[in-house]
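First the structure, which I've put down as structure tokens, then a few questions once you've had a look.
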């Protein structure tokens, strides 16, 4: 539209810049704090610009961890986080793909029953049934294992719906052409449906990776063995220590390390991320 | 709902849904059933014996002023988070929608907090607001505000509200922006020809057209505030001081794991499940209506 | 190369919805058969039953003498071209054409040879490595045909393959299709709702209505001697004029609406008092002088098509719509009247109640 109002343009940019500052400031402070030593962070006001201990702090964190909080190297925790996030992500995508495929492309007794069973899980976040779920995992002997950390989180109504929605938009004629081309159900899935779902899989990958990486309550419950701690949940132990000890530079360093992987994924694959987010919520 | 042509196979479809259904049954249905069942029992702390008590666990909850206060806290928390996160996001989305140059740059800088875990958001704000060395607490003090969330319950609640809202802005921003971009340009041009200025155009055309998005986000934000922020609170205030930030999910955890009162925790779980199912139902009804649009 | 035998074929969907019933037809080797009819008449269902994409509820289907009712689509030795092309979007043109052959387990050199031949025939050589979305509508349609050709099937099935293309391209591809049929000499079964396509392509047309066959015959059979009023109405453009009335006592007149009487030069082949619809094609109405039937047309509007002029109006003194196609350019004012005539040889007489042909 031809509309030239310099004041409005100024206001627009002002709003955006203030918004950006508001969103970035906490991370800025975390970054700054993680480059100072305990002395600089013991006097108020604390510095707003970087110090010179970045290398020292981060190498200590990654390799040695924080003795006051169990001494598990953050590198180890990040490795655990990565395993958990990737297993959850691939697991969710795999089982959602095949169950959506069965529901859309087959007709069998209890089809709708299964569909509703999956649908209902949407309504029951882990947080509301913590204790009994913990009981089940204990009974199955899955505490303190990667299996216990990941498998219970692999069922996904959201992903199943997204794939179902997408499969429904694929023209019927494509299946028919494939059947005339002698493709059976598995071959159709593998040769045609899977390659056609690439974009959706990639978009979902981002959302699910973030979901998996940011898990907190679940690892808190199923891991008591410190070598299995994940970084997002491990930071809580440090905060408890930080109340008494001057270790904020380590805590903030850990926070920075913990948020780098998911933030990188979002920024690097922004377009796919936006698509995945907006579509998975429809 | 389904394809015109389907594959014929007796066993295959069951094998395909098996993993999903197995996990759902083992980790969703069984625990949910157990939650409902044990909400009717009182169990001793060691799990040796239990006694059927009917609805007693529920009655006790609603007689417990602590639990009722928790309800109130949750409501204040949820509404504040939703209002803050949504209004800031709407302002940013409207601004971003006007910008032509550097639009992607702004968008990138505004969406990344989506990827930050609520627990980390909490910890970062916790640090900035730390009464003795936090930078924001320092600024507040120089403005004459005596900030100490360790002692002041209202301030502690405000802290977790700000941190929770901060994290949710990006999400709301993306949906508002998508909503704004789907408004046909011609409609705004028609309004401009009808001599409506930018502000008037926003309130009479843009905002009403965003109602579906707003409603959807309201439900999502409330669900987020009620359940996903457990980690934020657990990593920072741990419900304190004196229950000031003890929202309902946090209480379920506390009663069960710390207090070892399984029956009461289960009853609280059941109430929360009913709450989520209710909210999902509202959202579902709304989605159906949106389809008819 | 194959013959097809369809015997009392029927399709009923769950909920007792009958889509097709009692279809009988013998198709000769190398014949070009067109199934035509309005949407929902069951023509596509028949094609899909032949392909094996729909289960056959009643009746039998034989290809080359073999009953194939229960065979999978991939095992019937047929190929199908779809209206929306149904190309695999993530595969190149070459991969699209190869896919069925690979699944069949054909040796690589044989596949390569067939693709080379087909792409030469269809002038697709330079597009072999492109994805379908990089092609125009006409090119995609040719790829879909290529995918059918390489299979070297006994029967080619086409489901409205030209409907998504613009008019000019449609005419061009129609000619190519006819040439292809000639070159391959295979059996073609083709579904369309477009009567022009049906007339120009078919050796024989099967015209369907509401799940039943109305008539099977060559295009000229259908044009010259439509078996039912439905066929008469469907084939020909502009559509045939119908004048409904009661046959007079002398069988030489037709009473319209009880008020107007139309006199005939000859006896009508219907009993006195019968309710009939008399059909005359617009192009068969002409000079009134000495014709068996004389009518007067009151003009409402004129379509100048260049080679022809189509004049639309009513039978003078009534509300009966009437159109005439005149050769060359004619100027007629709305409201004016034109005297027209039609020879008895061009008159089609149908029973009003049953729609069956009487003469």
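We just call them A, B and C in the order they show up, numbering each chain from 1.
To be clear about the criterion, contacts are C-beta pairs under 8 Å (C-beta built on N, C-alpha and C of every residue); 3 or more make two chains touch, one makes a residue touch a chain.
All of these numbers come straight from a predicted model, not from anything done at the bench.
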item: Chain-chain pair with the highest tally of contacting C-beta pairs; value: A-B
item: Per Cα centroids, the chain farthest from chain A; value: C
item: Distance between chain centroids, defined by C-alpha means - chain A, chain B (Å); value: 16
item: Approximate Å spacing (C-alpha centroids) for the pair chain A, chain C; value: 58
item: Centre-to-centre distance between chain C and chain B (centres being mean Cα positions), rounded to whole Å; value: 60
item: Residue list for chain B, restricted to those that touch at least two other chains; value: 5
item: Residues of chain A touching at least two other chains; value: 176, 179
item: Contacts with two or more other chains, residues of chain C listed in rising order; value: 53
item: Footprint of chain C on chain A - complex, ascending; value: 171, 173-174, 176-183, 187, 191-192, 195-196, 198
item: Footprint of chain A on chain C - complex, ascending; value: 48, 51-53, 72-75, 78-80, 82-91, 99-100, 103-104, 147
item: For the chain B and chain A complex, residues of the former touching the latter; value: 1-7, 9-10, 12-14, 16-17, 19-21, 23-32, 34-35, 38, 88, 91-92, 95-96, 98-99, 104, 106-121, 123-128, 130, 132-135, 138, 166, 169-171, 174-175, 178, 185, 188-189, 192, 198, 216, 220, 223, 227-228, 230-231, 234-236, 249, 252-253, 256-257, 262, 265-266, 269, 272-273, 276-277, 280
item: Complex contacts: residues of chain A adjacent to chain B; value: 1, 3, 5, 8-9, 11-13, 15-16, 19-20, 22-27, 29-30, 33, 41-46, 48, 94-96, 98-99, 101-108, 111, 114, 117-118, 120-125, 127-133, 135-137, 140, 151-152, 154-156, 160, 168, 172, 175-176, 179, 184-186, 188, 210, 213-214, 216-217, 220, 232-233, 235-236, 239, 248, 251-252, 255, 258-259, 262-263, 265-267, 270, 273-274, 277-278, 281
